[in-house]
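First chain A sits with chain B, and in the next complex the same chain sits with chain C.
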Partner chain A sequence: MIVESQARRMTRTLAAYMVVALFVFPLYFWATTAFKNAKDIFNTPPTVWVFEPTLRNFEEVFGISLGFFRQQEVLPGGGNFFMAPRLWDSIVVALGSTLLSVIVATLAGYSLSRMDFRFRHLFVGWVLSTRMMPPVAVAIPMFFIYKDIGLLDTYTGIILIHAVMNLPLAVLLLKSFFDDIPRDIDECAMIDGASRWIIFRRIVLPMARGGVAATAVLCFIFSWTEFIFVLTLTQTGLKTVPVVSSSFVTSTGTAWGNMAALGVAATAPAFLFILLVQKQLVRGLTLGSLKE
Partner chain B sequence: MSSVEYCGLSKSFGTVEVIRKLSLSVAEGEFAVLLGASGCGKTTLLRMTAGLETISEGDLLIGGRRMNDLHPRDRNIAMVFQNYALYPTMKVFDNIAFSLQINKMSPDAVRQRVEDAASILNLTEFLDRYPRELSGGQRQRVAMGRAMVRDAQLFLFDEPLSNLDAKLRAHMRVEIRQLHSRLGTTTIYVTHDQVEAMTMADKIVLMNAGRIEQVGVPDDLFDSPRTRFVADFIGTPSMNFVDGAIERDSGSLYFVAPGLRIPLAEQIAVNAAVTAGLRPTDLMIEDNGPLTGRVRLSEKTGADINLHIESECGAIIATVSRETQVGQGDTLRLGINPKKLHLFDHTRGLSLRNTRVA
Partner chain C sequence: MTLSSQGIKRILTGDSALPWLAPLLAMLVVFTIYPLIYNIWLSFHEYAPFRRRLEPVGTDNWQALFSDERFWDSLSVTFTYFGVVLIIQVVLGMAIALLLDSEQKGFGVLRALLTLTLVIPPAITGMMFLLIEDPEFGVLTWLLESLGILDGTQPILATGSTALMGVMLADIWQWTPFMVLIFLAGLRSLPPEPYEAAMLDGASSWQTFRRITLPLMGKVIAVAVLIRGIDLFRIFDYMFVMTSGGPGTSTYTLSLYAWQQTFSFIKWGYGATISLVSLILILVIANLFIWVARVRW
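What follows is the complex of A and B.
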């Protein structure tokens, strides 16, 4: 560690903690709201640290009774939201579109990185330019197209549109990961007698694992949080979490507790996914930073 | 193993011509070293041989067969790269076995071959490790093992020792040479290190700016450089060059430069503009030598001393034995054996001496 005075280091550490607190506090407040009763949520001044925890918000959101944790088994009133299928929709759409874009993007990224073909340098610009179109401008034409070809309100439709939205960035990202792998390795394998496909599958792809993981995380998070396409291209067949969470805003008030509960539940799958690929992710971020 | 023939080979990248009408033949089983400074085209030539670069003009024949349009994987060539290009996600065993496995050799035969190669290269105990767990020299040997297991008709080495430290480099030089005498495979070896070239080559091909300056056995290049470039490139410290003229005086020929007059040992046409080349090792301290100078710096290399001398005809380096008692600032006289004098045409840099033919 580099030498510096005690006072300076203390100040720096303190500032770092304050910045962290600034970012973490809203998350903490949101997460605790999911476990608060309505009176704690609307209290002035707000209850931050001390409140009586409850699972009621989750019960209402998912239409199940967690009596195991609590004495009272029957929910008062009616109104359950039955959000569990919506969570499932989100998982299917996010995993499906991530898988699709990663498969297409690795192949495209490798080709762009290694193969020589006409207009290759233009291709990268073209890929980027598709990113310049704001989604809202695409959403309405897509609605009519989807309606005509029958993709409206289907998993396939949403998975496709999310994958297509993710592809440009995924291709560019993976291309740069492939660019970092020395060409000598490809050439050496070629002289060893390997075909392009064998080089890609047995040598280059395993080396780019970290890049693939990083790309997958980005695609997953995009799809998990995407709002406008799901809103316009679905009706009753499926709805993902970001869209249905707006249904907690009703004419008789906003169900903050329920919304927070759904939010907390929705972070779990994304968190799990990132946890699974995390080991590869760290490798991806450090690969090539040190001389082998 | 096969012979290699380059017939009028040229290579251009856009408008830049990297190799110009190069012709060369490497005999079956020969160890040829392509030597030259960075950017002289030696690596490009090697990559063209492997099929990693297209050939703009001319023909490449390996074993008598034209190879210009053959894909690298169909050329049956093995190549060792400068950075070894090991496959980092595979263990040493799989690295060596890769080419055999993709050619669908039976697992038993693969194991046999890999183990044979590993025992020759002292890699047996490392077969289960990943390349990142090996030292530089071990990685180098894995790269060689990968080339060895194949029955390649030609070995190509692209500066394979430049990433190793000096001691290991000397050791690996010997190992590569031994490997060559054991396998007898035709080898083309690219390096910018003249010591590697001198110690390893059957034949040195010295390249400069996309052309061949001289081809010959190592002694040839050292003793009879055909151009000033060759004379300058081969030998450490480099040859000293003195500009002067050849004059005839009462029937004898002399090389004359400011403060220097050396009788010539052979008949050469009188020429007003020549450059004389003097190897530092050919200069000796003599009380009545023809060249006077002052020692600016004395450099001990261990085995001997390099004296940097300020003389009337410019800065000169002389290599003398370590017993010599000379200090900085001393004035001394240097003697020159006329037979060891190299004379070059001043404008074109060509040797004026009849070059011995190998």
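What follows is the complex of A and C.
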């Protein structure tokens, strides 16, 4: 575009690296905390670069060698740090709700992209409006409704509410991916005698593979990181990682090392996922409204 | 009752949109419309602890809002948080996007690194900043004290005047990259012609930005502001783990206040009423914005 001078280029590079370093620093600090001893965590001034690495925090949280025998151990101060089951809860909830939202949203997204019917714009507006509802205004009544029908503290209950939470995103995003595929393809196939279902199943869905995958990744991440619904709608039966992180705050102090170990183990897979969908990320974050 | 695959085929063969939308409709009605109606019903009732049941109280809960100072405090905290964080994220996001908008080697990696903050559960981000801002061994506290900005007697998150800023910092760190990525995508799709013309006319880079980039980026900025604004208005996670609303009411947002009224103080009806206020405000503001800024889906 515009040719930059050598000096300007250098300044820009330097500034860019510094800004990104500033954003990466808290991640670095958190990740290293997971490998630190209490001595290094509770040091003033804080230990940033040089410390004695340890795997103790991970072992206490996931019990790779000991956990099988000490699952319910309660540590001094009242905390139970064995978190492997919580990781499992998170995985079940995120996978289940992602599957449900993606299935429901592909059907809806296809019809919103291809079929004309009255009030279509109003319908899309309504779907978008559900994305605006404050979670607390859904969580409060849902608590009482779930209590009455026995869905409190169950996988089914959390999977359903997470799926609904992700539906507006999934529907609007998939609609935008289907919009990218020319309608002519549908019409040609229809002239050849194919039904809507066959067109959807055999032609359009395979063409939108990448979009479906990107949608699934985003649904997974939003379910994985969700806080208020799990906080409100579970008691003891299941807890996902974000909610359980506060249990490291005990009466004898906060177990920062263990908390960081859980945080690292719980975000590392999400990092990999998001790197896979870099290309569709902006479209996803804007609910399909902006294309890169 | 089982639907054979033949049956599904027959239903989906026709050109009616209804069967395609039915699962979505069912889920949205059961999980958004019904709770909404239940919530409205709840706001006209209150839990009576001695009789252990909900009793109708008429419009008491709605009237109580007007004289409840903590409610007005939480309203003002919500708007302050929303406004300040949104402005900082837009300005900072634009600045960083302009900085990173280059074909230079290595910048792709920088952009990828910025996406990493988006996948961390906000509750865990809150914990991260709790440690970073810890009064005794937090990195930020230590840094600010060695710079002479803090004097060591005021813990960031336990002092009324700085607690909200401490929480905002976590939000700004986590979601400024969201703005950067969206703005970057916008900048990269701008047509080159106006810039060539501006260069021929000898426009300064500020003029070019002000007269060409900003107007062309209007839609992109509007979408980013809408989506981020919605999330900022209903913010809950950071305050819940970092300060629980304190000290005093300095970090109480509407969402947090509603939640605590319902689940900590067992005022089910009042909590529902506050959550409805937040719902109404967000729907009105967001839809007004969509209409004024002509955002289209």
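We adopt the following convention: the second predicted complex is superposed on the first by the 247 of 292 C-alpha atoms of A that agree within 3 Å, B and C clash if a C-alpha of one lies under 4 Å from a C-alpha of the other, contacts with A are read in each partner's own complex, and residues count from 1 in each chain.
To be clear about the criterion, contacts are C-beta pairs under 8 Å (C-beta built on N, C-alpha and C of every residue); 3 or more make two chains touch, one makes a residue touch a chain.
Since the model is a prediction, treat every value here as computed from it, not as a measurement.
Enquirer: Is the arrangement of chain B and chain C around the shared chain A a clash or a fit after superposition?
Expert: With chain A aligned, chain B clears chain C, so fit.
Enquirer: Given the touch rule stated above, what does A:224 touch, chain B (first), chain C (second), both, or neither?
Expert: A:224: touches chain C, not chain B.
Enquirer: Contact-wise, after the overlay, does A:84 reach chain B, chain C, both or neither (first, second, both, neither)?
Expert: Neither partner.
Enquirer: As a test of reading the superposition: which chain, chain B or chain C, is in touch with more residues of chain A?
Expert: C
Enquirer: Based on the superposed arrangement, let me know which partner A:274 touches: chain B (first), chain C (second), both, or neither?
Expert: Only chain C is touched by A:274; chain B is not.
Enquirer: Determine, under the contact definition given at the top, whether A:195 touches first (chain B), second (chain C), both, or neither.
Expert: The answer is both, since A:195 touches chain B and chain C.
Enquirer: Can A:14 be said to touch chain B (first), chain C (second), both, or neither?
Expert: Once the two structures are laid over each other on A, A:14 reaches no partner at all.
Enquirer: When the two complexes are placed on top of each other via chain A, what is the minimal CA separation of chain B and chain C in Å?
Expert: Comparing every C-alpha of chain B with every C-alpha of chain C, the smallest gap is 10 Å.
Enquirer: Just to be sure I follow: which residues of chain A are touched by chain B in one complex and then by chain C in the other one?
Expert: In chain A, positions 195, 292 sit in both the chain B and chain C interfaces.
Enquirer: What residues of chain A sit close enough to touch chain C in their complex?
Expert: Contact set of chain A toward chain C: 1-2, 9, 12-13, 15-17, 19-20, 23-24, 26-27, 29-30, 33, 41-46, 48, 103-105, 107-108, 110-112, 115, 117, 123-145, 160-161, 163-164, 167, 171-172, 195-197, 200, 221, 224-228, 231-232, 241-243, 245-246, 248, 254, 256, 259-260, 263, 266-267, 270-271, 273-275, 278, 281-282, 285-290, 292.
Enquirer: Which of the residues in chain A end up touching chain B in this complex?
Expert: Answer in residue numbers: 182, 184-185, 187-195, 198, 202-203, 206-207, 292.
Enquirer: Within the complex, which stretch of chain B touches chain A?
Expert: Contacts found on chain B: 50-52, 71-73, 75, 77-79, 81-83, 85, 87-90, 98-99, 102-103, 131-132, 146, 150.
Enquirer: Looking at the complex, which residues from chain C come into contact with chain A?
Expert: Checking each residue of chain C against chain A gives 8-9, 12-17, 20-21, 23-24, 27-28, 31-32, 34-36, 38-39, 42, 96, 99-100, 102, 104, 106-107, 110, 112-124, 127-132, 136-139, 142, 146, 173, 176-178, 181-182, 184-186, 188-189, 192, 195, 199, 219-220, 223-224, 227, 230, 233-234, 236-237, 240-241, 254-255, 258-259, 262-263, 268, 271-272, 275-276, 278-279, 282-283, 286-287, 295-297.
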